[in-house]
Amino acid sequence: MRRCALLFLLLTLVAPDKTALAAGDALIVTDAAGRRVAIAEPVKRVVTTFKPATLFMLSLADSGILAGIDSPSRRDPLVLAIAPEAAGLPGVGSKSKGISIESVLKIAPDLVVLYAHKDGLHMAERLERADIPAIVIEPETFDSMRDTIHILAAATGRQDRAQTVIAAIDGILAQVAARVADIPNDERKCVYYGTPRGFLSTAPADMLQDQIISLAGGVNSAAHLQGYFKTISTENLIQWAPDVITVSRGIRSGTLEMLRQNVFSRLPAVQTGSIYVFPSSLTPWDFPSPLSTLSVLWLSARLYPDRFSDFSVMKSVDMFHETLFGRSMTTMGGRLDDRLEGLEKKSPVLSGADKKP
Amino acid sequence: MKNLHPVWLLGILMALVFALSLFTGPILITPMDFFSWWKGWLQGGPLITDTGSLVFFDVRLPRGLTAVLTGAGLALSGAVYQGLFRNPLVSPGILGVSAGCAFGAAMGLVLPGSHFFAVRLLAFLCGLGAVFLAVSIARAVAVRPVLVLILAGMVVASFFNALLMILKYMADPYSQLPAIVFWIMGSLHQAHWPDVRWLTPVVGAGTLIIYKLRFKLNILSLGDIQAISLGLNPGIYRALFISISSLMVAAAVSACGQIGWVGLVIPHMARTWVGPDHRVMIPVATLMGGTFLLAADLAARSLTSAELPVSILTALIGGPVFAFLLYRNRARGWL
Amino acid sequence: MSLSCRNISYAYNGFPVLHGVDIDVPHGSFCALLGRNGSGKTTLLHCLCGILNPNQGDIQVNGDALPGKNGAARARCLSLVPQETGQAFPFTVLEMVIMGRNPYLQGFKQPGPEDEQAARKALELVGAQHLAHRRVNQISGGERQLTIVARALAQQAPVMLLDEPSNHLDFHNQYRLLYKIRDLCQSQGLTVLAAMHNPNVVAAVADRVILLDAGRIPAQGTVEEILTSQNLSGLYQMQVVESRLPGNIKHFMPVINNTDEGSTGF
């Protein structure tokens, strides 16, 4: 009862008092939704509400800046490797299951980083009414990831650090681009991507995974589709006949079950055994985070091994981790772990239907 | 023998839609291709020689068969439930059987060490539990039986759907979640031969037994007093019919998730066409259900370049059709 | 064939409804069962045809014990015309009557041409052959009762039990139906036990009467000996006067005293 009353007080009585805040050492930041947010400096305690925000924040600042994080990040091996204390930080919920505004108010942070979808904007307004500055970010593509870094850097006063991070990202992308630039369009490999929703769900054009594939020099087999993750049929996949199949980490067992079916036996990817799982064992690279950059490098090296024969992917990966998080992936115990184990190679033609009686 | 007519008509229609579905899809396959495969096979070669034949025999054929078996099973179960409970408004979906089966299947999936059989057995048991619950609640209330059974079914359905949501909430978002979502929104895009191998004996035997016993449904639909006076033991027959139809629903749900409305609307359309006598209505509803789901799935995979869950289409068609039937039968006192 | 039962008792949820009932219905007779609401008429009929299991007592048809639990065998001996209930589905009259053949169709057997023949014959017996293809929701209440009687006839059971067969019927249909049943008793040797409400109708159509009062049988016998103003006054706990109609048919009128309205009988 008392907490309710307190919350009510916070939400109503304190709200009109905004001028007091603006008069101090305030800084105006324009976030991904174009909202102009006044943030009182210095920002020392930040709450992040979804994993990409947490990882971007960790790439820009010491883990000490986090006063609360999204609950799933408290179990993420990468986050824990960078900041072991994350396990003990208060969890504020998650993007998919909802953020608890009460937990955020209890932490009383200097800044809250929210997502632009779902209830993110609504939540930001509510927090502002309680005098807690909240910005939204929308890291969905490589461009918007750079914007995200700039916004977060501006909000926390770490512009110099942002330059380092963006340079690391652009460095990797440039290296890949140089190696795949001269591949003619008709020799680019067709890549299928299976989303966390299931093997027969894929990412249409303009999604991050589509960008990863094209930056790596491949062609997304679903590039002609539009919208969010799309469910497809077995026949669609056979028609697209991808040279390489990549899947999100979570659907490894479902993918195995699927690919053991005879119907897929004629897919070029199955015949050549070109089936990969997005790295890494620490955190998935096929979702928005600074590490999406590494998935471009990894995929490109998998698609065109000849062009990367003189190149150590692991070394770049380790360096990138070191630059961003201060520790290499290897020292954090991470592995690429990108093979789908347990799929025996099949002969191209074998079916129950063609056995003669 | 004029009663045979609709059955033949539907049989022909189903064959036509089936043929159409085999030759429709993103990969172009013509009847000429089909004949050349058979020719090659008859000359001693393999039947599957290229991608076209692979798609034809390993994708479209099992998918078409799954659609027919699922649609037939659901429509037949709906017809049986309606006859059994003397209630034209019940169906596997409305009584919560589908929800129960979906929950059971999802539970079988989440439990450690689960496999194919466990998923189906749990689906069947939870489906049976759902009917039992719905009927028990309706019995306990014991007023306005038609309405109360539907409300009880609603209670049971939302209860099992809530349990399913809890599973979904607790499930590992990166591995089990996609499979659980699959049970909620029915779709045939994953249909493959193992589904057919499981559905065929269950739906086949179920259909055969119910077909053979369909006259008893007429008698059961008169109520217990008249059934007993006509020398029928309603308890035994009801248990038999409920088990068989719930088993068919469980098989259908395990194969392609919850597909609503087929079990409610198809028996009505059959009854409107050939009358309520189960001797004719049962085969008509069965064929109609198979044809309907086959056509709906054909539309679901042809309307867009990707896949539309077929349950969306069945709801889109079934809802308005049912509203129309309610309106047309407004004077009959359905409730 | 005659129907008799000895010492039938039945309790519903521990509440006794029938107390050691003995009845005798001779072959080919139309026997009416008279009693107040709640006296146990329907319970007795349901005990006879196996819908309820009596706690004790036995039932005999033609002196032989009724085939016990086997529903079909019992249904070949005894048919029931229940109180009118709503139909879930609008079957046609013929479809309805064919259902009477169920006791002869074990397991997977479906009705064949000979069953349809029997059903049509039953319809003919009640004079309703013209209704064969009408739906039961499109015919009158009287025609619907005729259909159920025809269905009971299609059961080809020697004994027919009727539960208030003319309850929802109008004046004309009531007599038409009951005269039809009486004719069947005479022409087919059908033995009939019918729960009824109106003593005047009973006097007109039945030849025997069984009185049922709170689960006991105070009297049974021919209409002439049992259907008396004295017995009826006792049964309905109100004064009943008797007069005679042309043809020496008995006619009864209750004496309604406005001051005791509501005190008894309802």
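Residue numbering begins at 1 within each chain, and the chains themselves are lettered A, B and C in the order written.
Note that a residue touches a chain if its C-beta (ideal position, glycine included) is under 8 Å from a C-beta of that chain, and two chains touch if they have at least 3 such contacts.
Keep in mind that what you see is a predicted model, and the values were worked out from it rather than measured.
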Chain nearest the global centroid, as defined over all protein CA atoms shown:
B
Centre to centre, using CA atoms, which chain is the farthest one from subunit B?
C
Could you please state the distance in Å, as a whole number, between where the Cα atoms of subunit A are centred and where those of subunit C are centred?
79
Just give me the whole-number Å value for how far the CA centre of subunit A lies from that of subunit B.
40
Where the CA atoms of subunit B average out and where those of subunit C average out, how many Å apart are those spots?
43
Provide the residue numbers of subunit B that touch subunit A in the complex, in ascending order.
25-27, 41, 44, 46-49, 51, 54-55, 57-61, 63, 169, 172-175, 177-179, 181-182, 187, 189-190, 192-193, 301, 305-307, 309
Under the definition above, what is the set of subunit B residues touching subunit C in their complex?
83, 86-88, 212-216, 218-219, 221-226, 228-233, 271, 275-277, 279, 332-333
Touching subunit B in the complex, subunit C uses residues 46, 49-51, 71-76, 78-80, 82, 85-92, 95, 99-100, 102-103, 105, 107-108, 110-111, 135, 137, 155
Can you list the subunit A residues touching subunit B in their complex?
96-97, 196-198, 200-201, 224-225, 230-236, 238-239, 241, 248-254, 261-263, 265-266, 284, 349, 351-354, 356
